[in-house]
Structures are given as C-alpha cells and as structure tokens.
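Each of the next two complexes has chain A plus one other chain: chain B in the first, chain C in the second.
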Partner chain A sequence: MVTSYIPLNLDECLKILSDKQVRIVAGGTDMLIQNRSHTSMPIGFKSDVCYISNIEELKKIYEDETFVYIGSVCSLEAIMESELVPELLKNTILEMASPAIRHTATLAGNIGNASPAGDSLVPLYLLDALVEKRSIKGVSKVALSDFITGVRKIDLEKDELITKVIIPKISFTKSYFKKVGPRLSDAISKLSFAGAYKLENDLVKDIRIAFGSVNVTVVRRRDLEERLIGKTKDEVKKMVSEIVDWYEEFIKPIDDQRSNKEYRKSISLKLLRSFIENIE
Partner chain B sequence: MAKIKFKLNGEIKELDTDPSRRLLDVLRDDFNLTGPKEGCGEGECGACAVLMNKEIVNSCSVPLANVLNKEIITIEGFSKTKRYQVIKDSFAKAGGVQCGFCTPGMIIATESLLNKNPHPNEFEIKIGLSGNLCRCTGYNLIIEAVKLAAEAGEGLW
Partner chain C sequence: MKDISISINKVDNEDKCSGKAKYVADYKLEGMLYAFTVRSQIAKGEILKIEYPELPNGYYVVDYKDVPGKNIVKVIYEDMPVFTTGKITYLYEPISLIIGPEKQVLNDLLKQVKITYKEEEPVFEWTDSVVHYHFDKGLGEKAFQGLEKVEYDYKTSYQEQAYIETQGFIGYPEKDKVTLLGSIQCPYYVKNAVVQALGEKEDNVRVIQATVGGAFGGKEEYPSLIGCQLAVAVKKIKKPIQLIFEREEDMLVTTKRHPSRVHFEGYVLDNKIHGLKAVVGIDGGANIGLSGVVLSRALIACTGAYKIDNLDISGDVFRTNTVPNGAFRGFGAPQMFFAVEMFFEHVAKKLGIDPLEFKLNHLAKQNDFTSTMGIFRDPVLMPEMITKVIETSDYLNKRKEYEKSEFKGVGMSLFFHGCGFTGSGEQNHIKAKVKLKKDKDKVYILIAAVDMGQGVKTSFRKLVSHILEIDIERVIFDNPDTDFVPDSGPTVASRTMMIVGGIVARAAKEMKDRFDEESFVVEKQYVQPEYIKYDEATFKGDAYPAYSWGVNVVEVEVDKDTYQVSIKKTWSVYDIGKAIDERIVMGQADGGLAQGLAYGYLEVMEHKQGKIMQKNMTDYIIPTAMDMCPMETYLFDNPYAFGPYGAKGVGELSLIGGAPAVAMAIEQAIKRRVFKIPVTPEYIMELINNGEN
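Let's turn to the complex of A and B:
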C-alpha cells in the first residue's frame, strides 16, 4: 500500500516534498480517474501521495496594483465567484466540467495536468499568466508558457509545489472564449479558442489569440499578434483571410476518439475568422 | 493508514483507514449509505453526488483525504429535512422520477443549486443539473420539478 501524506500547512507540505518522492493531488478529479482501480478498492496510485487540499494558505484569492493572485488549492467555483478574476477566465470556467467538479477541481491542477485539451490553459496563455512555485529552498515565478513544456510535461522539480497562479491585470475592449465539445458539461474539448483585443480611437492597441487542443500545448503567436498592433480595426478586418493564412501552419491537431484533425483545423480557423470579422 | 475525522449526516466520524479510498466506497461499504450510486465512476454522471460543506461533489472523484474536517451530507441525511420534503414532493408532482437511479444525485444537485440561488431561471437550473445524467425522463420533467420546488419552498432557501 502506498503512503498518503496530508499536510495541513505549507511548511509541512514543502518538507514532505523535500524528503519524499510523492505525487501531488489537489482536488483529485483528474488524478483519481487516471489512477482508477476497482470499485471498493483504494485509488491505484503507483507511488506515495501528498494530498494538498487541506492547506488553507493556498485557498486565497487577492490582488495588488498589477496582478491577481489565485492560490493553487482554490476551487474552480471559488475562482468563478471571485470579483477579482478576469471575465475571460470566469467564462471559460463556466464551460468547464460541472458544478460538482468545479467545487473540488483546481486551476493549478488543470495546469499541472498539462493536457493539450486543458480548457483553462487557453485563457491563461492569452492573459500571460505566471506560475509561482515553492520549495524549502525558496520561491520562483515562471511564465505559464514556459512552465508547460509538452504534452503532460511541466517544469516542476520533485520538491516544488505550484503555490499560486498569477494573472496580470489587463483591460480589454472585448474578450471571447469558445469551447467546442459534444456536451455543455463534463466534456473534454474537441477544440477551444480565445481572443481578446483593446481598441483606442479605433486603433488596435492590443490583440491576443489562443487555440487549445490543436497542438501539443496552447498555440499563441505573439509575432503574429504584433503585426496587427497599431492598425485601425477596419484595416485588421480587411486582412482577415491573410490572418487566417498566417495561423494555418501552427494549427496541427491530431485524430483521436473525440474528433479528427480536419474538423479541428477547419473549425479553429473559422472561429479565428469570426473573431476578427466581429471586432467592434 | 491515517485517521480521518469528518462530519457525516450530522455526526462526527473518525476512521482509521487508507486516505486514498474514494469517498463513495467509504459511504457505501463502511456506513452502508447506498443512496449515492456508482454510475460512471469518472465524474460524468452525478449518480454518486453528495454535499460537501453544502456544495455538490461527485463522491467517486473525492479521495477520503480531502474529506478531512469537512461536513458530508448524503441523500439519507438530507432526507430528514424540510427542504428534502419539498424537493421530493415536487419531483413526484412533475413526474421527475422514472427508474430512480439518478434521483438521489438529482436531488442533491437541486439542493446545492437552491442553497446558492433560491430563484434560478431555466438556464441556471440547466447549469445546476448539468453534471447529472438521466436516461429516462428527457430532463424536462426534472427541470419542471426544480421550478416547482423553488416556488413551493419559498423561504426555505
């Protein structure tokens, strides 16, 4: 039988991570299913486990002048109900899972799982989110886009814990998230799309575009976004076919049980087209 | 093994067991509370739903470790409340129960919704029930039952 650790505060948890080789479990909604055993049997973890959901220090959501800080054990529901969290992220969470799962699942868990189909990753990439990591040696921050290094691969040492998700405060004229799946709730995405822009006197001051489930991780191309900044909204709208062509080569989905690559690519590019055409 | 203390249907319980057991198995095997059912076993159907600190959770996806110091209410505990009577009568009146397998979860979902939002509109009801599958009723009768419960239970939530 594997050993389970249930730390009640952060210091205790970091000590365990430093001394032992453990899998970290927060809400457990993914980890329990991935390690599912038989009915009436304990979850089939292959290694010792550290359950972090009882650490109160990691359940806070707060802000300063430039950032919103979301503790890594905050439930998705708590994040959705917070006044501090950007609308784009709240709208995404509303389309994730179901109330029962949102009451236990965490944002940091969705990040740690690093699935190409992780819904929250799409707005978080778009918002330039950062991940705060902690070990007994100290604390560090890394851009989410650097933290996720591949399919289910993250830049986290064995003694480190994700302690916060940090979101820069940015105001957009409009932000948009669209998930395509077979059922509103509890469906893993076939694909997802997020877009946001800021206009000032019809000039595009900021524009951001991100795609989920169409590559090993979220596709966001700052180089392409920068080409649009400083243009008028009408100039950008006239370029729509050209913009779709730019992104075409970066949308590289796969066939799997949820969808196929032709559908994923076609719909992703149509959502991009619709987003650009509807800039107002 | 570890000692896990939590409140179950109003009583403090302390178990010395493997914290990596699912809450669903502990409820059914250790406490003989068979209202929560195993449907899909992966958090998609809601048949195993219980209330944790008054909010709906899928007991198949909650490790016992995460129940430490929490309050769990199953359909058996909830059935002793006035709110339950109102929801039960509304489900009966609307015809929201057929085979009954999803019903404990549907009632837990209704309570969790009304506890947070006593006057939900139809869209909010659909979101509230969105994690619970029913293969008999076609859902409209259940949505109707929740509307009836919200009206009949005015002041209870």
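Let's turn to the complex of A and C:
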C-alpha cells in the first residue's frame, strides 16, 4: 500500500519530508509516466508519495532588484503568462509538451526530473538559475548546474524540497532558443540549443551558449564563453569555425529511438555556427 | 430530391462527443476476470520448460492445451497458432493467458513465470522467401532487349496504425454460446476463426462489435488471434473475461505495415518506358497471414497510374523473426506508389525531361490495359484532375521557382486505388449477404459493416433513407452482432460503400416497391459484374471492378539548419465516383492524407533484434495539428455503374499519394534524390552530405 500525503502548507510539507520516506510529486507529468501501471490500476509508486501542488506559498512568482523568484509548484502555463519571467524562458516553455501538460507540469519538476532532454534546463543553465531548497533545518541556495549532478541525479536530501527557482535579472542584446524535436508539438527533444549575448558599442560584454540532449546534462562552458568576452562582434564572428571546434569535444550525444548521434552532433554545432554568424 | 452528397451531421457525433458511446473497456460485467498475456522473451527458439507460480484460488492459466479445436488462427493463410505449442518465432509471441479477478495479482504472477528456452539465432535478413509471385505483360523481358536501362531501388519502413483505442475484447458465456464483444473491423472473421479454434458449431459463437476507436486495418485480422485466445479461456473458465492491451503491449506485438524494398528497371526508347522490371520484397514478419495478398496488391500497382506495355514483375514475402505484419489502410499500395512515383520522377530527371510531362505521356486512359491485362473500363479523369490541381496550387510556377531557390519544394503524386477485393474475391471468398428489415415504421439495416470512425453508420442510414425517401431517424443501424446480421464481409479494402452499399441499395429499391407492406425482410447477395475475369495464379484479367483516382500536390519548406520539414499546404483532387456524404469523404481525404504524409516524412518505426524501438505514443511520432497544414480538396464525380449512386472506394485512396508527394517536394527542396521513406531530418542530412541530384 502506498500512502499519499497532501500537505496544505510548507511547514506541514517539510515536517512530512523530515518524518517520512516519501517521493515528492509536483505536477506529476513525469512521475506518473515513470510509475505507470495497467489501466484502471493505481499508479505504481514504489514508495509513499507527497503531493505538493496544494501549497499556496509555492505558487508565487515575484521579483526584487536582482532576481525573479518562481515558486516550485507554479505551472509552466502560469510562468509563461507572468510578465516577470525572461522571454527566453517563456519561449522555451511554449515549445514544451502540449497545452494540457503545461497547465500541470512545473519548472521545479523539470529540474527535479533531471532528464538530459529537459527543455527548460537549457535556458535555466544559460541564465545561471539557482535552486532554493528547504528543509525543517533551514534554507539554502545552489546553482542549478551544481544541483543537477548526472542523468536523473540531483543534489537533494530526502528531507529537502525545491521551493523556488531563482533567475538572475540579466539583460541581453539578444537571446535565442531552438528546440529540435521530432515534431512541432508534444515531443521530446532530439537536441536543443540556447544562446544569448550582450553587446556594448560592438564589444561582447557577455555571451552564453548552452546545449541540451547531447550529454548527460546541459552543456555550458563558461571557460569557452570567457574567451570571447571583450572582443568585438566582428572578431567573434570571424572566429566561428574555431568556436565550433572548441565545443565539438563536449557534444557527446547518443543513438536512441528518437534520433542518432551524428545528427544530434552535427545540428547542435550548426545551430552554434548560425548563432555566432548572426550576432548583430 | 436533394443531391445525396450534401452533408448531414454524423449520426454518432453526439454519443462520441458526450462520452456516451461505449467502447469495449467501458463494459464491466459482473464477476468479470482479467486476462494478461504471457509472452516469449526471445525472438527464436523452443520453450523447454515453463514454471508458473502457484495460482491463488480463482486464477487460471490458459494455453495451447486448452484449445478444443484447431490451434491455428483462421485467416487467409493459416500459419499462426492461437497459442504456441513451444516454438517461438518472434519476440513477445503469446504463450498463454493468466486470468483472474485482480489486476495487481495478475501483474505479480506474470512476473513470476519462469520460462527456459533453447535459443536459436533469429533471422532478420530478408532471405527466407515464403511467398513468391511472378507475372509478365506483353513480351515480358524479351521486350527489354536493346533498350536503354535505367534502374533505381526504393525502400519503405514500418508504419503503425496508431488507433486511439487499443485492441481488446470481453468474452462471456451465454448458455451454450461463447460471446465476444470487441473492438474489431470484421465480426465474421473473428467468428469464423473462433468457430475453428473451439471446434464448435457456428450457432455457438457470437461476435458483437463495440464502438470502435479507430482501426486503419490494424483490427482486420489481428483481433482473430486474441479473440480465439479469449474464447478458449471463456470456454474453459465459463466466466466473463476482459482482454484489453495496454498501449505499449499493443505497439510491440500487433501487426504493422510491411516494410518493403522495390528494385525497378525501366527500359526506355524515345523518352518512353516500354518495359518495366520490378523485383519487390516485403517483410512478412514471423507469420505469413495476409502478407501474400498485400504483396499481390502491391505488384498489381507496379505501373502506378501509367500504362507500360511490357512487364516482368516478381515479388517475395520474406519471413523474419519479427512481429507479424498485416493489414493497414492502403494494403501494399502505399509502398508501391511511393516507389513507382519516385521512379518516374527519377527516370525523367535522368533523361532530362520534365517529370510531369514524362508522367503525362505515360498516363493510363479509359480502355487501356492494366498491369494485369484487365481494362480501365470507366472514364479516367486524371488529365482534368491534374489541370485542376495545377490551377489551384500554382504548381507549375512554384516548381520552376523552387528549382532556383533553396530549401523550398513542391511535389505532385498521381495514383489510384483498386476498389474492393482482388479479382473474383468477392464472389469466391466473401459472398456478401445483406438484409433490410421493415418493421412497421422502422427500417433496419442488417449488415456486418463496422463504423470505426469512417462514418459507415451515417452514410448507410443516409443511403437507405434517400432511396426509400423516408426520414433518416426511421432507419436503424446498430453495431453488428453475428446473431442478427448476415455476413456482408469484412470492413476492409475500400469495399464497404461500393460493394456492400451497392447490395444494400438494391435491397432498398426492392423494399421501396413493397413499402406499403407492414413488416418484411429483403435479402440480397453480391452479384459479380459479368466483365470480371481474373486469374489469381497468373495475375491475368481485371484485378479490380473499379478504380478510384487521386492527385496530391504538397508544398514544403526544409529548415536549412536542422533539416526539419514543414508542410505548407496541400492540394488534392479525388475521383471516388460519387460522395455519399461530402463531409465524411472530406474527413477521409484529410485524415488519409495526413497519415500518408506522415508515412512519408515523420513516422519512424524500427526494430532492433526483433524489438520494436518506438513502443509508445511518445516515441512513435504521428503528426499533431501543429504539424499539419491547410488542405484544399476537390472531388470529381465519375459515377460507377455498380456502386450506389455511383460511389467507389474512399477509405484507402487518400493515404496513398501523401508519401511520394512529400518525398518529391523534399527532393526538390534539398536538390538530392530521395530513395526511401520516411524522409527524416537524419536522412536529409545524410543526403545533403553524400546524396546525388
């Protein structure tokens, strides 16, 4: 028998996490699939579960001077409708799943699932997003890129809950997300790419590049980005082939039922090339 | 009187939209048990030992030892056991059913079944030919001598029917009877198969159709297998039992469209193909089943919509240790029309001629001989249809313009579909019977035709009410039940309106003459048009009583970075004789084309060591509304003498042209020759890197 807990506020939830051995379910759109069983049978959870989607405190989106805070049970649809959320993330969400799933699924869930094909992870890595975790012992923040430690592996203790996704407010000259899925809607990515840059007087002040579905986690290389900062846009554009070569070794996709590694790699690098060539 | 084509609301709209319609999973009978299938975990070998866990009270195992009659599923070619006796020929082959009241318990029991195998090396190569056909036309290969040879090879892969509702039945005992209620296309196929498996009298088997949530051929012969299994179980246990597949189970084990390979050699003189050699192979999977018929229908279509005087045509069904392939909307034609349309395109390009002009020069006309020396007896409207599609799509200008541009393309496919069974199949095998019953102010249509979404309930009630000149509400058409309806044949082969509707129309006309009688029954049987003479062995004569024709134009754009294809718009013209309801035909036109286009560029299904890799709707990509485009469709009336109001076949035609048209459009967009479908971005990348123009 599986016991279901449905806490109505955060304190109650943290207490349950502390006292019991439970799996956390937010929107459930991945959890239900992963634990599916026969039609008209209960979901095949292998442990007790805690449904957090009724916790009002986690449904807020707000900002201060430096960050936008997204509560961990905000639906993707709610995030897409918020005026506070960066366009890059909204554009990404628009390409995720289907409207029905977007009304239930959460951003924190996409993070917690830590799939190599998690679409929202790509812009979130690019935006240097942070994850706020809470337990009855207290609260901590960790960079998303440290939070996700491998395929479906995250840095979350059993008594901890993701409470917020925190996005630094950054302005870019241009930001860009491209999902390459097998069809235009309701599909898991073959690969995805996000790029953003900030120019001041033709000088590159900031440039960020991230790839999804081509390695165990999102590929983002700050060391390579830093080599470009301070150069003029024309200098960067002239380096395009060199830049593509830098990234080549980090794009390590696999063959699976959705695509093959040759395509994933080649198109990822093509999107990078096209992004650099189109810096304006 | 109103033109019959003018659309009415589909009669089942309300039931289906409100949720009132009952599908097989909606029936809960008292004391109903559930059946789970024990399946092989290897692709080839022998079962040495099966150890079942100890069964709790009220749980049962049913296997081949329980089959009271013949342990073979009755289909056209009988080589599939109801339950294997020990020989394993494909992965997940059914071995037995575990049956009981609790799904959770069944799930646990299923995991504890231990099977010891003697494994053998499975065969996935196409080497084991189990059906071979060959036929000539004209002088055959003698005509090829001294002519310029142009040869190309084409490949198609699996397609999955992807009906919304998975396969399923409920079976229950009724006195001496075993009754099956199921999601099926062919009530009498199931009944006849169960009669054989149970070794029972016909009266002791009853098959009822529940509302069907899509079929596309996938519920033609496959339900006979699980229907027999369940009937055996009901006979043994004497309780109601439900057997319904989960989605993944359904996609892993049920029949799919046959992958194909076609080698063409065209023999050319003065820019005309005078001779054609074709060597065709299809992958039958582990059982032959309907594969021979699929192959023969593919071979008959080898010249496409064209006339070629000399043919040397051969083909094989290869047996492999993979999931058995079977019926799917189009039944061999989609594979062959892809190949032949691409071949004409490629030969024209090789000869330096405009492909459309080349195709028009070969187009079949009324009174021309078909590939099997039958005759296209009815007017062929293709020239007018092509003119219409060119006018509405601006094909000629686009074709010219996109030759100069990059990543945009337009393609046109020309095709037909032979309506009904091949040759004398209707007369010799099916012998369709229909009944119309008048009971006071109501008229009952008693036929075995299944509405699987294609609108048969609406179009037949409309047909009968139109002839009788009575309100449609007075015409009743319930889901077929073999205890009450005669065998009007299976709901397949684009035959339902043309053949069954033709007989029903005759019955209705007779009823009309006697309409002042209060209660009576009119019974009618299929009568073969006198002109049909076909020899199945030699492929000689009229293979079909009539042909429906079509033209598709498809415009695409290919993303220059990702090679993703987007379909901008389609234009289609169809000659289906006469539409019994225009909106229903338009639904078939749009749905069929979407399925055909997706076959051509989107739907990837492959097996790895006999295991289907795309086993759910997440991984098997069918188009969403976002992927499809505006579709402009026109119908040309061309009444067929033996169809009701002139109606010919509709259901399959609209699927056939999609794949070649989209492949040709992509070919133009990427300036590389396309030789296989689906034309995925991965394949486009390969072509851009290594292909030829």
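Keep this in mind: the second predicted complex is superposed on the first by the 280 of 280 C-alpha atoms of A that agree within 3 Å, B and C clash if a C-alpha of one lies under 4 Å from a C-alpha of the other, contacts with A are read in each partner's own complex, and residues count from 1 in each chain.
The rule we apply is simple: a residue touches a chain if its C-beta (ideal position, glycine included) is under 8 Å from a C-beta of that chain, and two chains touch if they have at least 3 such contacts.
Computed from a predicted structure; not experimentally measured.
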Can A:Gln257 be said to touch chain B (first), chain C (second), both, or neither? second
With both complexes overlaid on chain A, does A:Asp186 touch chain B (first), chain C (second), both or neither? both
With the two structures laid over each other on chain A, which partner does A:Met239 touch: chain B (first), chain C (second), both, or neither? neither
In the superposed arrangement, does A:Thr39 touch chain B (first), chain C (second), both or neither? both
Tell me the contact category for A:Leu10 with respect to chain B and chain C: first, second, both or neither. neither
Touched partner set for A:Met80, first chain B, second chain C, both or neither: neither
First, second, both or neither for A:Ser53, with chain B first and chain C second: first
May I ask you to decide whether A:Ile136 touches chain B, chain C, both, or neither, giving the answer as first, second, both or neither? neither
Touching both chain C and chain B, counted on chain A across the two superposed complexes: 33, 39-41, 98, 184-186
Which residues of chain B touch chain A in the complex? 2, 18-22, 25, 28-29, 38, 41-44, 46, 49, 52, 55-58, 60-63, 65-66, 68-69, 109, 112-113, 127-128, 130-132
Please give the residue numbers of chain A that touch chain B in the complex, ascending. 1-2, 4, 6, 25, 27-29, 32-33, 36, 39-43, 45, 49, 51, 53-54, 77, 94, 97-101, 103-104, 184-186
Inside the complex, what are the residues of chain C that reach chain A? 25, 103-104, 107, 244, 246, 561-564, 566, 602, 604, 606, 613-614, 618-619, 621, 623-627, 681-682, 685
For a test of understanding, state which residues of chain A touch chain C in their complex under the given definition. 33, 37-41, 98, 178, 180, 182-188, 190, 257-260, 262-263, 266-267, 270-271, 274
